[in-house]
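Order of writing sets the labels: A, B, C, D, E and F. Residues in every chain begin at 1.
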Amino acid sequence: MSGMTTDIDLIDDNGIRIDGRKVDELRPLKIEAGVLKRADGSAYVEWGKNKVLAAVYGPRECHPRHMQNPAKAIVQCKYNMLSFSVSDRKRPGPDRRSIEISKIISEALEYVVFTENYPRASIDVYIEVLQANAGTRCAGLTAASVALADAGIPMKDLVPAVAIGKADGQIVLDLNKEEDNYGNADLPIAMIPRTGEVLLMQMDGHMTMEEFDQALEYGKKACQMVYDVQKDALRRRYTVQGGNGDVDDEQSQNNNSEA
Amino acid sequence: MAEPIMSEIKKGHIHKLLSTGKRVDGRALDEYREIKIETNYIESAQGSARVRLGNTDVLVGVKMEVGKPFEDTPDRGVLTTNTELIPLASPTFEAGPPDAGAIELARVIDRGVRESEMIDLQKLCIKHGEEVWINFLDIYVLDYDGNLFDACFLGAIAALRTTIVPAKENDKGEDYPMPLRHLPIQTTVVKIENSILFDPTLDEEKVADARLTVTTDENGDLRAMQKGLTGAFTLDEVKQVIDASLRVSKDLRNLMV
Amino acid sequence: MAEPIMSEIKKGHIHKLLSTGKRVDGRALDEYREIKIETNYIESAQGSARVRLGNTDVLVGVKMEVGKPFEDTPDRGVLTTNTELIPLASPTFEAGPPDAGAIELARVIDRGVRESEMIDLQKLCIKHGEEVWINFLDIYVLDYDGNLFDACFLGAIAALRTTIVPAKENDKGEDYPMPLRHLPIQTTVVKIENSILFDPTLDEEKVADARLTVTTDENGDLRAMQKGLTGAFTLDEVKQVIDASLRVSKDLRNLMV
Amino acid sequence: MSGMTTDIDLIDDNGIRIDGRKVDELRPLKIEAGVLKRADGSAYVEWGKNKVLAAVYGPRECHPRHMQNPAKAIVQCKYNMLSFSVSDRKRPGPDRRSIEISKIISEALEYVVFTENYPRASIDVYIEVLQANAGTRCAGLTAASVALADAGIPMKDLVPAVAIGKADGQIVLDLNKEEDNYGNADLPIAMIPRTGEVLLMQMDGHMTMEEFDQALEYGKKACQMVYDVQKDALRRRYTVQGGNGDVDDEQSQNNNSEA
Amino acid sequence: MSGMTTDIDLIDDNGIRIDGRKVDELRPLKIEAGVLKRADGSAYVEWGKNKVLAAVYGPRECHPRHMQNPAKAIVQCKYNMLSFSVSDRKRPGPDRRSIEISKIISEALEYVVFTENYPRASIDVYIEVLQANAGTRCAGLTAASVALADAGIPMKDLVPAVAIGKADGQIVLDLNKEEDNYGNADLPIAMIPRTGEVLLMQMDGHMTMEEFDQALEYGKKACQMVYDVQKDALRRRYTVQGGNGDVDDEQSQNNNSEA
Amino acid sequence: MAEPIMSEIKKGHIHKLLSTGKRVDGRALDEYREIKIETNYIESAQGSARVRLGNTDVLVGVKMEVGKPFEDTPDRGVLTTNTELIPLASPTFEAGPPDAGAIELARVIDRGVRESEMIDLQKLCIKHGEEVWINFLDIYVLDYDGNLFDACFLGAIAALRTTIVPAKENDKGEDYPMPLRHLPIQTTVVKIENSILFDPTLDEEKVADARLTVTTDENGDLRAMQKGLTGAFTLDEVKQVIDASLRVSKDLRNLMV
């Protein structure tokens, strides 16, 4: 919440938001798995106006060495925004915000990966935000877990994420940029629908307990929806592979490079 | 912030005690260690506080300068929060730029102060669009025995509450106290196997699966949260933690008044 | 950019095929891989293009800001070219400041754009000596399978050709298209033993002895050149490469119009 | 000496300085040993308005490796000022001044530590200036040698330090901030009283040979006084340990962590 | 080519340039080998107003380790301009221009050094521009290959370099600063005269094909001239060594330090 | 600046000779190596000097720019001293930011120039509080054979004494010589066992226990001092060194005039 104020009505009298959505409605979400050749696994997420790429390399030798864990692999995520992904050009290189986001996404992913299968290794996840429009950490985490699956890394489950927020005093699902800039609260969460386990949760702004409960309800349902789109992307990736020799080759190439 | 891996024996001891609802130092699960707050500790700062939370020791200073506002908030003072995990405080802290852990810590403290709207930043505007007060909230850890999140936050609000805006020496009128509106309190729990406990010591942090920090205001409303570490909370656990946080916060808030 | 050393068997295979004038992927020596150009890919940029050259994939964005001109060119806009070899694109790319290879790449792209006088920088002056348009030409490699020089250059000119100067939102009058004068094309060859071939794949780059990049304009004049790697070209080879580049450039230029 | 000038009389007609001291009088000095739990040894010095903490870690493995000396330990001191310790906020991180001070303090301490006892090791000393008011390098070195003793590291002797200076044309002992800002010369020294050995000496400003001799006389006496306060701090630390089981435990913990 | 314009005539009606040269004439060139004591090999080049020093250290252990090549030595050149070598003070440390120049000079030198003689080693070449007046990369490369020879490193041949350019619409040899600032094109090349092999070539500006052919002709002849001066410098260095016991000693010292 | 450890034999040789008052190169204990000073060496600098002290070789340049004064000295020019131990000069010098040794060297040179009040900085004020001359005193070591402190200081004062303030090309009136008031000289000794010797060579530095640098002015007054290394001097030794320094400085000062 940036502290900026505006005269814009973010939600009209009929409960319709400026981009035409209802308060509990997600923006259009499109996920594609296996979009990069060099990476061991990859995914592309288009979520509203967000465009996010995720790539996975590994398990591979962990650098720097002192980070190695003799009992298990570590998951090292780097979240990065391209310079032109935002209104004012962002200087290339990590800032404090992206370092924090990288950390909490790494932690969320580490929970689902069977890291004990790969002692001393590193599983490197790169999230690149090509175009940003609020909710990029959730889009990035959503893409990352699909990329991990695409890389063939054994996981407990996929990790869908979504932000719930508050705008014009109402709890709304999946904030867009204007709602994020001029809204009252932001609550990104990542939750495994099957178990109800929360792997990522942050909140800033102002919410009463009742509002928070409402937000969690929205979040639960939305995570299930995101999860379904993730599954579908992997299913399509798998189907394409089955029916297409060319892509099959590429997949076997990936397997070689993992070995 | 990587601490050496704890011996399996020590770890087992903590786990075993917790399975019967007990902690190594005898505290209740929602009990804080002894808290000592010393304000106005540093004369060269506009506000300061030294906070000891058990053996954890932090020093917070507020420095204020006249400067330019950000373009999109021309009528508000600027808040910059910085934490320094100096190598004096722990064998595992290294000199150099802050690592991801230190950055997360600083950003969580910053959000707790900022999102609670504790400071009335509009009263720190000197001339619209041109001159505002720039607040540097600098937090140094002097001795590290766990729960930096809460020790630093207590230090931050204690320092802010004793800050005097140095208007006179900057030719901006008479000095006045930092304009404050709210009194947020932050609490942190860790989850160890199936136990959830407040104010973890360093040993408890070393075996923790997940962490949850909750900031609430004097009205009992949520202002900020941060889940950390590689473990998970269920939604029910989250709600229980928030309920307990509201309860615990009352005592902590009383320390401030 | 250091790629792992290639197996002797694979290397021998490339060499043997080339000795009979053939390439591993069946292309002619002066044949480019399939090129796909998608412009206006990024709404938050003033111009953008995603270029796929075979499996090489780059994304270029142009951001424009109002700023001060350099002292020695008070009547011209400023061009800054940056390439980022992000670790997403290759197991050999590392996070951090650009290495010498990335810097050479950025500077070659920059010279190709600048020395061809493609952009009419004088038309990007707002107020002599005080305000001009600053152009950030930022190039990201998303997937790396060789010949970044040409993929990035194609992306750069495609992005520039779709750039709209954001005058209106900066209160500088009406928006207008980026003022362009020329359409330069850049081609790159590598020399492998006695063969010279255009648009090398990553495998071909790994066994290359020398590299030559040539930028020419629509009049067939030279605008920039860069020889790279630890091998040598004879003067005759240089001239042959330039001749072939002029020929090949016609097809590439047609992609742009 | 900053080159700034002032109309303030730094010394009045009766030879009294602005803080009420005589020209050869030290500011109040208080030293406490063993003030931190995690460090292997520590000390707190309050000297006039200076507040300085010193901590010692080691002997421990020397990083970076190429700094290791196969014949002896190295002493690596890092002197640092907290951002709010001075009038204008100091940006965190080392500047050129603190790098130089760290170097000469390291050298002075290395002379007294029996470094040959710990080949390849590093003895790391951290000096943190919490509040600065002229003379912090002397206060820091004074604190550091007490912290080394508190860490149980074998030493030839403690290292007391003090600055002598010149203000209003007179030699004065232990400059305060105003005298440092507007004075004519500054001469920090560290000297072992027992042997008269000078381990640290810097000077800048303007002194005649006679003034320099006078300054050294002041410095000799003052180092003896500082030394006595150092000894006393260690004696108190020792006494407390003898009479208090709780503190005893803590000490033995320290010993464990050194092993 | 900086894009600056000027009213100055760079070439007069008689084809004479502002420094009195004809279009195909080099500036005065002076090379001295063996000018530094510590370096394993060194050379000084004065070329017009350019003053350049080159030093060679090695073959020696390659740092960082991961740069080592098990099959051969690598040549690591660092080209650097002293802060006061140019009109506006240059901040110390490498900028993007000097990193690029270092890379292409390293590559050119690696071609002539018998690197396979020294697996895993590094041959480090330092080029320091003391005073710059256009053409410093060519002067630096010219100095560097003499310094390599002075260090006794086996090489295929020396590497002479020169820049050809275009000013006032004419092709001119060996641009000076004014011609570089206000000219139309710049074409630095390094070529082995014996074989005609081009080891370094860059170009920026605007040249027709006919102009480019003309420039190459100038370049070929000039590289031969530069080569002769290089040879002469090494001959003088060798002669001095033969006739002077003192210098002989120094040389044998160098050999020791290489071993 | 870490030099490889010297062989015990070489070390023993230096010690043995010194015990009879002799040095390896035959010099007296207070004797300097041959000094060659070449001024105006660099045309692109406002002042410059190349100094050879035996085999030690340094190049000093002074660049002057118009800039803003510091807030607390609005009527004075600014002096910035920088030393660069470039890897050309020694196998032990590394590229990159200056290490602690290089920083100490720069700060000692700076204090010697600054505290001697050699430069009349008030005469380098152009407009009170707004424009002054900024002096960059940049010192490069080209060949390293010991005693950088004195070689660099000699270079610094020689360069300053030939500096011409470039007023004309900056539209600030006529050029004039750098305004100088004093002629400070700096000498450096090292202590090796019980011997104290001036102008140490690199080999002597390698076995030195302690170092003392003394700067005095033409009136025989102290202006700056710096003790270095891990050894100690007695107070008597300090006084003897200062006395000897005053004696030796006369010859060095004569080189300058």
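Some observations on this one:
Throughout what follows, a contact is a pair of C-beta atoms (placed from the backbone, for glycine too) under 8 Å apart; a residue touches a chain by one contact, two chains touch by 3 or more.
All of these numbers come straight from a predicted model, not from anything done at the bench.
If you take chain A and chain D together, the chains in touch with both are B. Steps from chain B to chain E, minimised over paths through touching chains, total 3. Separation of chain B from chain D in touch steps, taking the shortest path, is 1. By residue number, over half of the touching pairs seen at B-D are also found at A-C, the match among A-C, C-E or D-F. Centre to centre, using the average C-alpha position, chain E and chain F are separated by 32 Å.
Chain C and chain F have Cα centroids separated by 49 Å. Between the CA-based centres of chain A and chain E the separation comes to 52 Å, rounded to the whole angstrom.
Read round the ring from chain C, going to chain E first, the chain order is C, E, F, D, B, A. Chain A meets chain C in the complex at residues 36-39, 49, 51, 53-55, 57, 60, 78, 80, 82-89, 92-94, 124, 126, 128, 130-132, 257. Across the complex, chain F meets chain D through its residues 72-73, 76, 100-101, 103-104, 106-107, 111, 114-115, 117, 121, 212, 220-235, 238-239, 242.
Considering their complex, residues 41-45, 48, 55, 57, 59, 61-63, 65, 82, 84, 86-91, 95, 97, 136, 138, 140, 142-145 of chain C touch chain A. The part of chain A that touches chain B in the complex is made up of residues 1-4, 67, 96-97, 99-100, 102-104, 107-108, 110-111, 187, 191-192, 195-209, 212-213, 216, 220.
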